[in-house]
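Consider the two complexes below, in which chain A is the common component and chain B and chain C are the respective partners.
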Partner chain A sequence: MTMTMDGATQARRWYRQRISAMVLALCVLVHLVTIIYAVRSGLTAEALLARTRGNIAFAAFYAVFVLACAVHVPVGLARIGEEWLGLRARAADAAANVFALVIVVMGATAVYAMVHG
Partner chain B sequence: MPMLQVSIWRGREQGGYVDYEVPRHASQTVLDVVTHVQRHLEPSLAYRFACRVGMCGSCAMSVNGVARWTCRTHVADVAVGDRLQVAPLANLPVVKDLVTDMREFFDKWARAKGTFQSRRTRDDDFARVPPSSPARKLADAGIECIGCGVCYASCDVVAWRPDFLGPAALNRAWTLVNDERDIAQHERLRAVAGDAGCHACHTQGSCVERCPKHLAPAAAIAGLKRVTARAAMRGKL
Partner chain C sequence: MRRRVEARAHNHAAWWAYIVHRVSGVLLAVFLPLHFWALSTALHGDAALDGFLRFTDRPLFKFAEWGLVVLLALHMTGGVRLLLIEFRPWSGLRKNWIAAACGAGIAAGLAFALALVR
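This part shows the complex of A and B:
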């Protein structure tokens, strides 16, 4: 394993991961409650979409959720890539950033479909 | 007389376990067992100890695979039936038999800027640090480390990342980060941040679990992560 990343970068990454984790903790909680409510109340897909279409609050909440994921996930993935797959720091970063981009694109698509679909 | 079957590591990095038979006694410690072997059965057995009462930290060894102070470990607590295995501490080069080379361990304390640095001289008055101040309490929580190496030998991150400074050195750095008299804070934070420093720690907690002084190096490392992050976000790292 190589020492490539300077301490300040690591420290900033840790901070970003920590803050995004706090946001995610809240988002996941709200998300789970929403799912349980939707399933238990027996709403159909049509009925759900009728509620989410044009709903700016829904869009804003899930946009934040997606962004928090995109910030949080690559930090940990890069670590896993380095430690478990033996990738160099640069390669691990690149792979993690691609993954983050996939999260953003897929997440944004899902949010768009929920609000405008 | 009941006997104890002891397997002791002989050799250096290359070597093997040799079995010895040692008479059991009440309140017998693992260090007593090793001493018996050296005095009566194997005069060439190398091991390290000094105080015998848990103050110096030099007798740490791996007992049945777990790093411990042998002087404070009763055979009755760790023997599996009538068997015991004693090896040198893990994650350190072996000098001979049960003696490890601690140089790298202590060099890392230096690399983590574990030396107190003050602006005061002998002509200045004493610094007055309130024992009840939050920073002093944090320093106090880790200050009793005697450098035995048990946490270092128990740390999986040290095992797979040899340049990792390790729990003891980072714990030492944390006590100094909380020392208001110290003037080397910036250099220290730079030294402990990054891949070989506090950010390599996965908070598995073996150091906390095994520390014979019941210190919490993992908590110290978590503290370093917070403080280095704060400094980095302000552009001061």
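This part shows the complex of A and C:
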């Protein structure tokens, strides 16, 4: 473990990652069932969009899923960037934050595309 | 000597749980932007999304999708194990949850494969 991060920052990250993990555990469970159901009923744009267009529950669920991912993913990636790629803490954090932004923007676009596209 | 010690440390269910959790996490993270990009093709109409779905309707992509489903199930169950270790008043490595994670991975993989052949 690198000693470049102060204890409070580490604790905040740990907490953020764990709380988002609790949300994600439920999201992933629902998502896995959704995947199996979607694949079973045939993966066509018509079949998928018929279920997602104008579906507020779908939009709300996947909006939460995307946000939870954006909170969860960068914490792990920053640590891996430090440990495996040998990045300095600040560089690893910057890269992870850019990745979080990519997830939010691309995830929101994807949800919008499936609901209003 | 150091290598022997490391090899022994790695030959342990909890080490494997750690490495599977980390590698699956990285692969899932890399997949996310691709997944979002694919879904966003719906912005250009049904035909655009359908074109992408037809393009990926071949064995290599189905195998990759199957792998991602297995990784997702493994990462989720492995993560629940960590949450239980940290937030429940139990001690120990929860090796039963390592086994449960393997089981969940296999079950999700089988369910996905069955859905494919329907």
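Convention: the second predicted complex is superposed on the first by the 114 of 117 C-alpha atoms of A that agree within 3 Å, B and C clash if a C-alpha of one lies under 4 Å from a C-alpha of the other, contacts with A are read in each partner's own complex, and residues count from 1 in each chain.
The rule is simple: contacts are C-beta pairs under 8 Å (C-beta built on N, C-alpha and C of every residue); 3 or more make two chains touch, one makes a residue touch a chain.
Being a predicted model, the structure only gives us computed values, none of them experimental.
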So, after the overlay on chain A, do chain B and chain C clash or fit? They fit
- Report for A:Val64: first if it touches chain B alone, second if chain C alone, otherwise both or neither. neither
Max touched-residue count on chain A (chain B vs chain C) belongs to chain C
By the touch definition at the top of the document, which applies to A:Val104: first (chain B), second (chain C), both, or neither? neither
Looking at the overlay, does A:Val23 come into contact with chain B only (first), chain C only (second), both, or neither?
neither
Which holds for A:Gln10: it touches chain B only (first), chain C only (second), both, or neither? first
After superposition on A, vertex chain A (C-alpha centre) with arms to chain B and chain C, in degrees to the nearest 10, comes to 60
Output check: A:Ala94 vs chain B and chain C. Expected answer is one of first, second, both, neither. What do you get? neither
After superposing the two complexes, the shortest C-alpha distance between chain B and chain C, in Å, is 5
Check: chain A residues flagged as touching chain B and also chain C 18
Given the complex, residues on chain C that touch chain A span 22, 25-26, 29, 32-33, 35-37, 39-50, 53, 57, 69, 72-73, 75-76, 79-80, 82-83, 86-87, 108, 111-112, 115-116, 118
The residues of chain A that touch chain C in their complex are 18, 21-22, 24-25, 28-29, 31-32, 35-37, 39-40, 43-46, 48-49, 69, 73, 76-77, 80, 99, 102-103, 106-107, 109-114, 117
Counting only contacts in the complex, chain A reaches chain B at residues 1, 3-15, 18, 83, 89
Within the complex, chain A is touched by chain B residues 160-161, 163, 189-190, 192-197, 199, 225, 228-233, 237
